[in-house]
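Shared chain: chain A. Partners: chain B in the first complex, chain C in the second.
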Partner chain A sequence: MTEKVGPKSFPSPIGESVPRIDALPKVTGEAKFTDDIQFGADLLYGRIVRSPHPHARIKRLDVSKALALPGVKAVVTGEDCKDRFGLYLKDRYTFCKERVRYVGDPVAGVVATSENLAEEASRLVEVEYEVLEPVLDPVAGVQKDSPLLHPQLKDYTVASFIYPKHGTNISNHFKLRKGDVEKAWSECSVIVEREYRVPHVQHTPIEPHITVAKQDRSGQITLWASSQSPFAQRDLIAASLGMSPRDVRVISPFVGGGFGSKAGVSMEALAVIMAQKVPGHPVKVRLTREEEFYCAFVRQGLVAKIKVGADAHGKLVAMKTEYYWDAGAYTEYGVNITRAAGYSCTGPYDVPNVWTDSYCVYTNHPVGGPMRGFGMPEIHWGIEQTMDQLAEELGMDKLEFRLKNCLREGSITATGSAIHPIGVAECAAKAAEAIDWGEKESSSAPHKLRGKGLAIMWKAPAMPPNAGSSALIRFNEDATVSVGIGGQELGQGAHTIAAQIAAASLGVPMDWIRISGPIDTQYSPYEWQTVASRITWSMGNAIIDAAKDARRQIFDLVAQQWEETPADLDIRDGQVISYKSERSEPLENLVVYGLPKEDDSGWRGGPIIGRGSFMPDYVSALDPETGQGPRAVVHFTAGCQAVDLEVDTETGKIELLRVVSAFDVGKAINPDQVRAQMEGGVVQGASTTLLEQLRLDEGFPINASFTDYRIASTMDMPGENISIIVEVPQDDGPWGARGIGEHSMVPTAPAIANALADAAGLRILDLPLSAERVFNALREKEGMP
Partner chain B sequence: MATHKISLTVNGVLEQAEVPSNMVLLTLLRERLGLTGAKNGCAAGECGACTVIMDGEPVNSCLVLAVEADGSEIVTVEGLSSESGLDPLQEAMIEVSGTQCGFCTPGVLISARAFLDRTPSPSEDEIKEALRGNLCRCTGYVRIVESVKIAAKGG
Partner chain C sequence: MKSVRPGLPEFDYIRAETIEQVSELLKNGKPSRLLMGGTDVFVQMRDGAFSPAILVDVKHLPGMQSIQKTGNKGLRIGAAVDLNTLAGHPEVVKSFPLLAEAAQSVASYQLRSRATMGGNLCNASPAADTAPAALVLEAILVAQGSNGERRIPAHDFFTGPGQNALQDGEILTSIEIPPPPKGPVGRYLKLGRNAEGDLAIVGVAVLGYADKTSESGFRFRMALSSVAPTPIRVPTAEDILESRTIGDETISAAAQAARKTAKPIDDVRASAGYRSAMVEVHARRALHAVWTALGREA
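Take a look at the complex of A and B:
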């Protein structure tokens, strides 16, 4: 197993909170982000002309006035786009061809010598629209009389595990049928049935989306992009242009936050189409903060109908779920969120009878896409509030109810497979203990109510079954190491973890490692995408594999030189050693120049390059009618958050006094970075719970700025933000590790809602728990108008 | 568009530039002077990523016209460290991982520096208040506030 890689006695950086390797350039301003790269006088600027209507037909498009403006170099439209693109469902053109489907849908792109000029010219593009009736709600969108947004759905290319319903607005219908739900209701002594709503929110990375694209005279296209997915972008963009991925190069320096919004392709293809019109010139397209709110991906809205029943002993018996995802105008990525929600529908619970329908519904809303949690914060909002209410009706303690029903090693999941060792119960118990569960705390003022709540969660990496990683380990002359990876540093610490894993698995000191950057599809080894909290696990395994390969080459060389067997050799602290002869040799004497033969007849060896890859080979298909299969996903990370809060009855404002996170990460490669992920997730989770909602008024976004769409600042920090690491090892994780990046914002919203219920006896089923909503609910409860 | 000749001191160096009336200080720094430490996160005074110190005050450089900066003294993140080493705030940020993606970091450091210069031994609430204009989507602020506390103690 992986633990055997790398010598044990030499102090290993695994499990150590080594400082981030990217901290120094980031605190000095040296770190280069895409917008910081200087392109010189050839640089041109692109500006997008966008649809002002949620749904309309383009009747006339005239770009002549814009083109005539001095300094304007090109104007592109849908006519310049060849094929549709998309990750799981090819349902969108880069620029619209005849129909626009959301406010912000790109209809033209203007290229000019300055940003101001491009902006001015964009206003000269004349578009005449015939306004069409929009679809503004996912439940309405599935009705027979609803306008149809994608009449050609049946012609779209789609992944084998996605099931569009032709002739409807449903671009994926995931079904899960386990046991006999209808029969099981009769065995239940308590049943709770509720409907929950989750609005759209936006990722709001502080760095807006930006791409610079250039086509050179040989036809090669280069993109400099703030990107979680350089390889997927290369592949998807090339395919949409009828090109080979060989001819599309994506270079991605530091990314100023992604949270999913910079995964797949969103605005990057726009810059490419524009650059094709002005060969030799780089074209920069930078989303304004306003565009960022509704022209990049948003988190999908959700209407969740949940019915859960338990028997008289408090054991879960049956669960029925309908999810209507408000997935927006194009669902090329969102279809897989629908699927992930479907197979994760029970939460981390053992439920014998399950019936689920998860519908991905086209609406005339911004494009839904991946956001930290990939559907899990949205579904756990309903699941975990329902479980709380079920426990209430059973008269059971809410922790006890969860401990009784949560998954344990070997429990059968909703998709019918046995779960691997998983620390749900341990996380719940530890979080509860840290929040002093069961002890009633007094409030700080008579008009404030205090309460506690908790929520548990699970989440698997949602990805194609064969998403792969690769790594290259190249020794330099002095035996320092350049590690090539394709996984991106988004702030989550991926490159620090990569360096730790490389050092430990090679047997060299940590400061000998340098991660090769920026990520460049021309030089960096392949990585599917930096998403799904899969990088520590998947890329980590590829690095270990590459280290093994390099060690094998070194041992073969030295064994021949010393006339020993490779099995007796090891590398410790940068030296090759033999356990048998006790000889040793510093790596720097052999990793590039090889070793001289004893008889002076020449040299043996040569530059050492280790190559490694990793791809799970055990993820199975699920039955399209029942969602059952041997193994739906690679693994689940589980955890719990517990909240202690106060609500001000005079204002409705919720104040988080303490939040405790406990997550089972398998093994914390870098405990400090694991904790940093938990702390950040709590605040992003709390922000989306208390403050955030992208307001769409008849499809028109009305709060697209940080003034009108507030996110948490220092003033919104919880009083205490405590994190606990639980380690139940993953059998195929590096040293047992699995991901944590997304999970920490999954249970936050229901944990807060459950604490609010405890404090004020108030159940609110719709997000956000804004002060206004809480205040109104409090008044209603008191019977006040 | 009319242009103006201005001169200003940036990180101790006297700079002269001819700028259009509508150019903001952030653009001058980033695109004319090659100082890309200050970031453009919103161009509307809402995120704090572009914060620089102007005559001792933290300002959103996306809202200050370059001509308004004529004759002023500017400090950007590039000016925080010197030959003799890093600013204690930078040291503390590295030590406790006050940075993740790093996009907000230059603005945070500058706001914190201007604040500590004025308030050498702040309370936690004062630190939060001073940084309320610097949005960070990654860290949850825990380690940012911690960094400022450490720097205040050591500095």
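Take a look at the complex of A and C:
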């Protein structure tokens, strides 16, 4: 494998920290984002009339004054919307028809010649509401006497693995029953039972949502959108309009961050309905930063009730969990977070008896959707604090307790399948070692307390069983390569990984590769969505498949030319070589123009195009009553974070001195990028632990701005942020790789809480760990008012 | 819930060259607003708080952007001096480090390159970070209007949340910092939710110096931000520090006096109860820091 062929040395780019291919355009400002695209004089602007009530019936809607304003070209309402849309549950109209279900729910859209004019006109739309009683808490929302948000739930189209409860606010009830929990409690010598609360948070991408939509005279609709999911948007929007995906085209240039908020469809459909009223005119709709906080997806709130028991030896015996997801007004995407939380409910532990109910509950809150971690940061907040407390009650070291109980290859998961090789224990041991686990450090001042904590985690890509990827490899005349993919570059480095995988799997130098962009559903090959930390693994496999296809075509051609067999041929450093005859031929001599036949009777071959795809074919259904099945998911990525912190007892402020991350990524295709994901995860994890909460007062967002909703800045980074790569290969991953994008913010919150417990001897069960909340908890512990 | 506009409303921009021109513009009847750095004005216009027909840019009036020494070691700071310039100015750093520290605590570097000290004071936010420094340095705010110049002591300037003592047609042109007492030590401690960029939950400025005429041998001035309808001085704490032997006990008593003087409210950043407790903690810490430094010099 290390043999060098050809004139130049040819190191494989796999496992190398190749610089980001999108760095230059981004640092020079050359990179074009959606709002940078010029549309000329035809461009119109849209603004949205939004519900001022958490829950109300629309009694009267009069758009005449808005329409009469000079410069206003169209006003659309729910009457212009055909069908409901949604990813897993079709439960929302683009514009509300009769009822509004959250503050910000779109009621009408105004199209005008300028954004300010559209805004002024939107204020002239008259809406009369009959205010209805809202549902503001998920536990209250499941009670029999709770107001119903979706009385027509039974009519909604739903994916086969989602279970809505008609006549309630429960849009998915995931059940898991393994072993006999009730019997198992008697075998436990220690049981810990707690209730945890996780508030809503926002993704806060630097680029707010934006879409430009245009319908041309032939009826084709084109969207330019900042998107993680151009193909899913094409499909869902076409379905909601009763159109073919052929007639909807989504173009997505550079994206300024997504973190899940730009997956699926959120505000993009608004622009489409508006554009249909003004054919030939592109219509630009962009969210203000304030709208971004509550009009796009938010991370769902959670109430988690967890009971865990262990025997006298410290072995886990039983676990019972109830999750009440505060999923918001529409749960078309959130229903699957509920499901993922359900089958992941044990965390990375071997628990023989498990009982779980995970409820997705409609509330009159902003629409819950995917966010980095997809339910895992929320559930690990409770799981990992409960495990810590269990270890405390057992008198066991918390690392030892985890090493004793964590999953090992072959352990049976909560859904009843044997786990693949997984490095949970190795990650925990390495993180603990790096934080000097077991050594008590002194604090820097008398009024500060210092402590250490750790948390382990697992997460699987949560997606339909048949989420697919595809790739195209096209050679240029000089044998450089255009790689077509549908996976999106969100700043996470996916396109650099794609180029590394393409170069290595073809056998050409890295700098021969160019990723074809922007992602355009009309030209780019299909990709389900850029979510779930699945792109390196799934898209990577599709690229390898496409490279194999291209190589097969090249080998067939050259074998015929050289009268050899394809099995003896290889491509190294851009040259076709024969291990048998030791002949070689540069690719540029054959990949477009083919090769001349020996007798001058013509040419053979032609332009080489490799096509590849990947779709897991082994993910099984789970039993709706027990959640058991042969294989619930494709795989789990696992890891650990360890925290060394100080808390100021006079102010309640937590200062992170050291955070260590260790994650099992199977294989680091690009180690620097893996480390960057770990570091970034710590920052976003710490930010959502210490600072962030979208405050909803009776359903009204009260801190929807960066003035009032603070996120961590570079000044808030931990003193030391250490990243450790663990590589236990994935059997079907490219070079053994698994995803890492989301995982690094999953254990941060409980690791900090566990370190706080170590430092100050107190447990806080609700996020965030704001200075004020910690201060109050410290005072309460001291018995002070 | 406020309904935020996507952009600024239309307005006429006029760059004023003389005070007379400003007075004329303010009197002509059209709704107008003065513009300094714009870091508050533009945000409020976007929020729909007001919609002036004219923005009168007063940054370029003579002397508005200069810092000059006055006769006896005082400073005259043009109202439109931006906060980064203020925080880095050699004379400010040398003679009034407290003011530099306060200026540097405002928002972020990017915003400080636009935001001005005059704007920060005129905006009269209870949370204005330069206000406690102005109060303890006993700054004089110099206003110009059609009736000429008016000199307003800082402690008379803040009249309510967002309210100041300027009269119609008057503009703040400079802030005069009188000569410092001999051997002063100052600190501004600010508590925000995160390390940089937040508005203050509590801000405490303390200035201390040796003075043989006081019973304790020292005099202290203390001011608070974000815990009352306006930035405030704390005379009760100052009295304690002048009348009792300085030590941990006296400092604690003064910090408690600060807590009693504060009249905080609940808002999205913190509760009144937490603010109240934090006034005491930060007053004590600021006093300790100043006292320790004074002790070193003594």
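To be clear about the criterion, the second predicted complex is superposed on the first by the 775 of 785 C-alpha atoms of A that agree within 3 Å, B and C clash if a C-alpha of one lies under 4 Å from a C-alpha of the other, contacts with A are read in each partner's own complex, and residues count from 1 in each chain.
Just so it is clear, a residue touches a chain if its C-beta (ideal position, glycine included) is under 8 Å from a C-beta of that chain, and two chains touch if they have at least 3 such contacts.
Computed from a predicted model, the values in this text were never measured in an experiment.
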> Is the number of chain A residues in contact higher for chain B or for chain C?
Replying inline: B
> Which partner does A:442 reach: the first (chain B), the second (chain C), both, or neither?
Replying inline: neither
>> Taking the superposition on A as described, I'd like to know which of chain B and chain C A:492 touches: first, second, both or neither.
In response: first
> First (chain B), second (chain C), both or neither: which does A:601 touch?
Replying inline: neither
> Once the shared chain is lined up, is A:33 touching chain B (first), chain C (second), both, or neither of them?
Replying inline: first
> When the two structures are overlaid on chain A, which partner does A:288 contact: first (chain B), second (chain C), both, or neither?
Replying inline: both
>> Which partner chains sit in contact with A:681 here, chain B, chain C, both or neither? Use first/second/both/neither.
In response: first
> When the two structures are overlaid on chain A, which partner does A:186 contact: first (chain B), second (chain C), both, or neither?
Replying inline: neither
> A:218 contacts which: chain B (first), chain C (second), both, neither?
Replying inline: neither
>> Residues of chain A that sit at the chain B interface in one complex and at the chain C interface in the other, please.
In response: 116, 286, 288, 707, 711-713, 715
> Okay, in this complex, where on chain A does chain C touch?
Replying inline: 47, 52, 103, 115-116, 119, 123, 286, 288, 290-291, 650-651, 690-691, 695, 700-704, 707-708, 710-713, 715-716, 770-772, 775-776
> Where on chain A is chain B touching in the complex?
Replying inline: 19-20, 22-33, 35-36, 38, 116, 203-208, 254-259, 286, 288-289, 490-493, 672-673, 676, 679-684, 705-707, 711-715, 717, 721
>> Quick check on the complex: what are the chain C residues that touch chain A?
In response: 1, 3-7, 9-10, 191-199, 268-271, 274, 277-278, 281
>> Which residues of chain B touch chain A once you look at their complex with the stated criterion?
In response: 22, 30, 34-44, 46-47, 49, 76-78, 80-81, 86, 89-90, 93-95, 97, 99-106, 109, 127-129, 131-145
